[in-house]
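There are structures below to look over.
The two complexes that follow have chain A in common; it is paired with chain B in the first and with chain C in the second.
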Partner chain A sequence: MTRPGFFQPNGRQLSSAGILLLMAPFFMLIGFAFLYPLLSLLSLSVTEPEPGLSNYVRILDNPLYFKVLLRTLWIAVLVSVLALLMAFPVAMAMVSSSGPMAVFITAFVLLPFWSSVLVRTAAWAVLLQRNGIVNDLLQVVGITSEPIRLLYTQGAVVVAMTHVLLPFMVLPIYGALRNIPSDYDRAAAICGAGPLRRFAEVTVPLALPGVLGGVILVFLTALGYFITPALLGSPKEMMIATLISQQLREFLDWPFAAALVGVLTLFVTAITLVFSKVFRFDRMLGGQL
Partner chain B sequence: MKQTRKLTGIALALTVATVGQAVRADEIVIATTGGLMRNMMEEYFYLPFAEASGTEVIPFDIEVPDQWARAEGMARTGDVEFDIVTATGPDLVGKAEILETIPCDDLANVKEYALPGACQPKGIARTTGGMVMTYNTDTFAGNEPRTWADFWDTEKFPGPRGLPDTGDRDWWLPTVALLADGVAKEDLYPLDLDRAYAKLDEIKPHIAVWWKTGNQVQQIMRDNEVAITMSYSGRALKVIQDGSPFAMAWDGAIRDTGYLAVLKNSPNTEGAMKFIDFFYGSAEGHPGFIQAVGYATSSTIGLSQLPEEEQKLYATYPANYELLVDPDFEWIGAHRDELRERWTNWLLQ
Partner chain C sequence: MTGSRGAEISIRGLEKSFGLLKAVDNVSIDIPSGEFLALLGPSGSGKSTVLMMLAGFEVPTGGAVLIDGTDCTRLPPQKRNIGMVFQHYSLFPHMTVADNVAFPLKMRGMGRAERRRRAGEALEVVRLGGYGDRMPSQLSGGQRQRVALARAIVYEPRLLLMDEPLSALDKNLREEMQLEIKRLHSELGITVVFVTHDQGEALTMADRIAILRGGRIQQMSPARELYERPANLFAAGFIGEMNMIPAAWDGSAMMLCQSDRVTPPPGAFVTTPANGRATLAIRPERVQVGAAEAPGSVGATLAEVVYAGAGTLVIARLDDGTELRARVPSAGLPRLSPGERIGLTLPPDALLVYAEESAA
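Coming up: the complex of A and B.
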């Protein structure tokens, strides 16, 4: 399957030097605004207060920090799974519908992007509060007899994070599904496969690159998530980003915070490498055949 | 932006002054957190002071940790730009070496009007509030909690509870836990941390909200997210005045005073002391200022001008003031790291 590439206006191909030149601003931005600060922070973690790994030893010494890290991983997994379960049907509906219905669904998926994460998180706080809609509803229906604690719990954090990150799961899956030629499905049907088998043996394998792309986007974003856990969680459900911020802003312990950043970076890098080894990255993000 | 320019101007003027030994700065720079406190200080004290003395006050908005970072830098380089800074109780101990001693006995108005304990060697009280137990008067109608022991008594006083996870909770909460456990106010310090945390373990499952900011504690009161909580008294005051059914129980509230302190070698130390004296002696400024910021000043000609009923909502009202816990900042300052670590580890468990 050949298609006109991005760098081929009127059939002329850009030289590789030209391509590099066009990409230079991007790499410069990444270098100045991301790599340089990150590396200088990480170097702080092994040079202060004295050269060596003392800050990392401190993380290992106290089981609490490890607990926070494990909890962060657990919440990120939970959010990814929930988002996947909710996103797949939505993406299927987006692909199979047309006209006003398609516009309607797409608008609903993209709508959250038009408001800030802060607003969406605050909205959850309003819904989940003690005399909020959810608690009122539970009592009217008769499930609970008095308001229960919904806000400032791990459940609140997971639900709100799933909501906030959902579009990042829907869009890659939608991209992958849209690229599956409808002929395949029809061919499988002609060969006698029922709807379930067609879904399991045609749609899912072909959508896998999009699914993996969505999972990795949501999972990695969830690992470093800050605002939602800070506003809807309690200190008992502290995640690593909140811990880092506390060390920076309250205790002014930059080297130790830098070591925590180092550990988080290590985890993110390792997970990304494993993913790209097991599933080929180029297929994953493009979602093309 | 304007302030930075002015500040540079002062620095320049100062250089000229030091070189020429002739020009006297007729300005003082006061570093405070911005917002309401800065605006009200300006309206009720800075501008009247400028009118009365001819010394202009230049407010500089800065958060307290940032202010200390800069003040310490200034002390190192010898190029001091702030005259007056904002300090907490522990700061008066921890930052003592870069702070000028306040001549409490030489400032006429301070000597005349300051409440006992308001003028410390390294700082003088600006506003006083308390970390006070605040409860819903509807929930506890006819059965009102009075002390921290009542806060811990979840059978007699059932309902969701709130405690702070911000500011100085690393010694606030062990302190009230010991009060709840029956320790007398005078015997609190040095804190018996093992006993305090054993008591805190008891209440932990009943805490619905660990609040993070002053706005949040007001919000959880208004939304009935908690029936009883520790609160900044000034925040509770606003909630009560806005008509929410809450009241404060002052017994065992922790005195929380914001201080004015003067930096050593500041450009206009004399002007700074004059301002402090003016602040304590200005009868006209206090009532409006106290009502606007929700915290009482420590000048005896301040709070007493408000209606008696309203005075009761403030920490420096005599009947409240004598119930307050007076923290031992010497001890707290010396054990800061230990207190923090213990708190962080306990809360994360």
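Coming up: the complex of A and C.
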């Protein structure tokens, strides 16, 4: 039983010319605003200050840069895991609620989209500052006796990034969960499976495409994330995007920044390829289970 | 597979309200061990809701469900030990056929090797031996439903529920599966409750049929009795074809139109009318077509003759316009043309009298 794909709702296949026509505006935008600048930047990294790989050698020579890269990967993993743990219950609540409650939850999930990332990040700065509400609360409850440093830490970055990226995890999981017919849960129940086993044996495996989609979205976005680490992070514990920005704006070292971009691009591409090899993108995106 | 005895079910005063709507209204059914019961009714009749409460997916707002004498009204489905086949198969798409069938055994803590063996046996029972390693998506609709059947019987439950299991299949496959399910029922001795809106399916398969409408049982009888002596006009009209003739009852005879008197035998009275309007019912295949003015016949005007091979459908109108259908053997039928006067004979033993007035 094959389901028609997204672009062929009636099972009709478009000619390749038709497909190209549909994609033309997108291709033009990507080519003009993304590929061209990226490629010219990358060519900068191997031509300046002199032709060769000197910029890349510089990255490899200094363990500091390697540490930044590792830290970036670690934070992206942490944010993905935290977002997944928070998103799954929310997506399940969205699927199983109806009426005003469903509208309420959906609005709450989409609420972050109504304000800019900058505003949300600034809000965290207000919350986490020395005299902020979080510090006050910690003292009232008695966990700490004096204000502690919350802002400009890795913890602040992780918490705020999880918050900002959460919708990108919730929505794909919600989509996957919503497509599971309720009969599967009933069939599992009548077969003798209690709620936990139904969740583990039926709900999670069938939601996996959505989970992987969400993890990829959040993980890859987190790898190159700039604003939140720049505003909330510690300058001593930089992430790669803040490092690139520093090289560009403070040291005006474009070739070296370009080399860092090259390394980040390499990582993102490699990770995407591994993901798609292991989890089969074609099966996840619109494919059948 | 060992022949486990079927469960004994007692449904007592079952009720289910969704807000103001009473989906199931005081339904009581006693199902003896090993019976094949069909719940038959149009959509919205409450038949599926009764099944959902038997399975434990819906909690009744009143009444009780007893399985083998144990009150299960509020027991969750996973603790009921019931097999169930769903309308859309509901095979787990991420598991192989064998894993699907073995799933209930896994939930019961059975070891892997034993699970595999029992699942293989159950697949043999539904004639799908050797299909274990396929994915459900690689099977046809009929094969999927047989896998669903195997999954429902693999742990030898004493009660099997079926929710319109054949409605997604095409006609030939449906008839094949009807026989398959009948065979399984007699082989396993399991109690079966089968929900359907297809009267033919219910008549073919079930030992007993309960007709539901508006959440209430209209009639509950063996197939033959249901057909030959419907308990009310709804049941009469729902099962097969039925002529319903408005008539006046004067205490001794039924007056059709103005002139024709029909005297039903005492056995024809399903419900006893008071003097006045009542309904005379007769199956089309029991009506005989003869010459006009034949003694004991009712006069009518021929409206249409539909030849259909072995049988012919004769549609006639009584003088007050009531349509009457007769299904007669084609052989020996005289040439008839529309507009002709004919006489319809209504054999007394085929008559049914209802106190209600027919809506039509």
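Basically, the second predicted complex is superposed on the first by the 268 of 289 C-alpha atoms of A that agree within 3 Å, B and C clash if a C-alpha of one lies under 4 Å from a C-alpha of the other, contacts with A are read in each partner's own complex, and residues count from 1 in each chain.
By our rule, a residue touches a chain if its C-beta (ideal position, glycine included) is under 8 Å from a C-beta of that chain, and two chains touch if they have at least 3 such contacts.
In this text the structure is predicted, and so the values were computed from the model without any measurement.
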| item | value |
| --- | --- |
| Overlay on chain A: chain C relative to chain B, clash or fit | fit |
| Which superposed partner A:181 touches (first chain B, second chain C, both, neither) | second |
| Touching partner for A:62 - first (chain B), second (chain C), both, neither | first |
| Touched partner set for A:131, first chain B, second chain C, both or neither | first |
| Partner chain in contact with A:13 - chain B first, chain C second, else both or neither | neither |
| Which of chain B and chain C A:189 touches, first, second, both or neither | second |
| Touching partner for A:47 - first (chain B), second (chain C), both, neither | neither |
| Superposition-derived minimum Cα distance between chain C and chain B (Å) | 48 |
| Footprint overlap on chain A, comparing chain B with chain C | none |
| For the chain A and chain C complex, residues of the former touching the latter | 1, 181, 183-184, 186-194, 197, 201-202, 205-206, 288-289 |
| Touching residues on chain B, where the partner in the complex is chain A | 65, 160, 165, 208-210, 212, 223-225, 340, 344-345, 347-349 |
| Residue ranges of chain C touching chain A (in the complex, touch as defined) | 55-57, 76-78, 80-84, 86-88, 90-94, 103-104, 107-108, 137, 151, 155, 161 |
| Of all residues in chain A, those that touch chain B in their complex | 62, 64, 67-68, 129-131, 149, 151-152, 230, 234-236, 238, 246, 251-252 |
